[in-house]
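The following pair of complexes shares a single chain, chain A, combined with chain B in the former and chain C in the latter.
Let's look at the complex of A and B:
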């Protein structure tokens, strides 16, 4: 019930190295089932194009989940995350091939708060495009 | 079509209790590709101080619309669901969601606004156990593309 990262050893500006996460069509199918979000734009190319999208796009929440995983793997305890918010600034387009798309997540400690909490600013990119903005997590450190 | 601003401030009846199961948490963790043992292994979760396996931070999205979801399909709101994408999402946690929790959601539409050609609607959902213990609060902002055009 506690993070492995120690508050006293963290400095503002400290960077958390990027991690790449792959998203393929099968991941979106699994995510649709697990989350209950069956919006066709996440699995039906014909429908996605009909409503003006370039192709099937990932659930925003799939991308947010990868950003969450990035934070919880860093903190060492998912229960250490006390606040987590994002804006979905661009789409993650997922082609119908075996490689899929890549979501690259990195972080920086933006602020040290009271009670051993820190604000981690997150960057998530697919190719050169930022797919999350205003992405931040407040984490309770040890 | 512009969304009906009369919906701002509306609070919806509490949902039926949602029972958090180990199986659903494991399914969700597998779907996001996260192998953290605290999502799967009761012993690991107990060793970390939790009563049972816990859920990933974004898991509450599974049940967060169980109260208030009917508002989004209410014809009076005027939402064209085919044009909806997810705009913003935020979770404030009191503690992680844990297997065995029975959770009740109470939703309020906190905001409807235009941004460029789009319409944005924010639904806040207060998540508590059936005993009344607060667990988390979720804020779900959806975007109706072209809705304000």
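Let's look at the complex of A and C:
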């Protein structure tokens, strides 16, 4: 498979519009089963509060996965992300209702590299809180 | 929550023994549902081969999640990983049988930082193939 976005048509500074991802308690239960990370802070409100958290919080890797999906959806190729790194700067708190929490991901092309690769800087927020910082992906374009 | 591993007891060069994680087709189906990444290369063998892959392959973020779990299990705190970055260097090919594929993750403490943090370098292999390279996590210890 190869990317849809063409390297030659991309400019440094170009913005990738924000996409909102909803995360509900049930998503975290599914993610626990899929990842094998069953820590109670991700599904048990009583336990989360007992250890000092405001409420159940999303797995950091879940949030990171949404940011990864944002990049591959943009590039049009699930294998487009070559390098991926983030700092987990804040928690995504997930209330027990149907709206859940929202993770809003946006990006900007920060650098053009060789071999038709670009560096995409990512921002992930939940409400006004930045939940990933120093998030960047090296992306293989067409 | 806080980590179990104590910063003062850790030395640079210390190795974290390998842990093997099994990944079966059903894990990828669960991961698709949890992450929202339903690309067919992760569950449809016919499609995967049609686009030139050897077989169904694991989501890169799934492999990365196992490496993250390795670190938090070692540290004893699900929130211990502050920074996390990898290069996706090769695919994890998942055969259609009960044994599935194995992702073997090991680590070494590469650097001691301020604030009781350490840099852990990670190796993730499937068989003899390195599936993550330049994988590193900054980990908050006790």
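Just so we're on the same page, the second predicted complex is superposed on the first by the 142 of 142 C-alpha atoms of A that agree within 3 Å, B and C clash if a C-alpha of one lies under 4 Å from a C-alpha of the other, contacts with A are read in each partner's own complex, and residues count from 1 in each chain.
Methods note: a residue touches a chain if its C-beta (ideal position, glycine included) is under 8 Å from a C-beta of that chain, and two chains touch if they have at least 3 such contacts.
The structure presented is a predicted model; accordingly, all values stated were derived computationally and were not measured.
With both structures placed on the common chain, the touch criterion links A:141 to neither chain B nor chain C. Of the two partner chains, chain B and chain C are each touched by A:39. By the document's definition of touching, neither partner reaches A:93: not chain B, not chain C. Of the two partner chains placed around the shared chain by superposition, chain B and chain C are both touched by A:27. Of the two partner chains placed by superposition, A:124 touches none, neither chain B nor chain C. Applying the stated contact rule after C-alpha superposition, one finds that A:3 touches neither chain B nor chain C.
Judged by the document's definition of touching, chain A residues 1, 21, 27, 30-31, 33-37, 39, 41, 51-52, 59-62, 64-66, 68-69, 72, 78-79, 81-88, 134 lie at the interface with chain B and also at the interface with chain C. Those residues of chain C that touch chain A in the complex are listed here as 1, 21, 27, 30-31, 33-37, 39, 41-42, 51-52, 59-62, 64-66, 68-69, 72, 78-79, 81-88, 134.
Those residues of chain B whose C-beta lies close enough to touch chain A in the complex are 24, 27-28, 30-34, 36, 38-39, 48-50, 54, 56-58, 61-62, 82-93, 95-96, 139, 145. Note for the complex: chain A touches chain B at residues 1-2, 21, 27, 30-31, 33-37, 39, 41, 51-52, 57, 59-62, 64-66, 68-69, 71-73, 77-79, 81-88, 91, 134.
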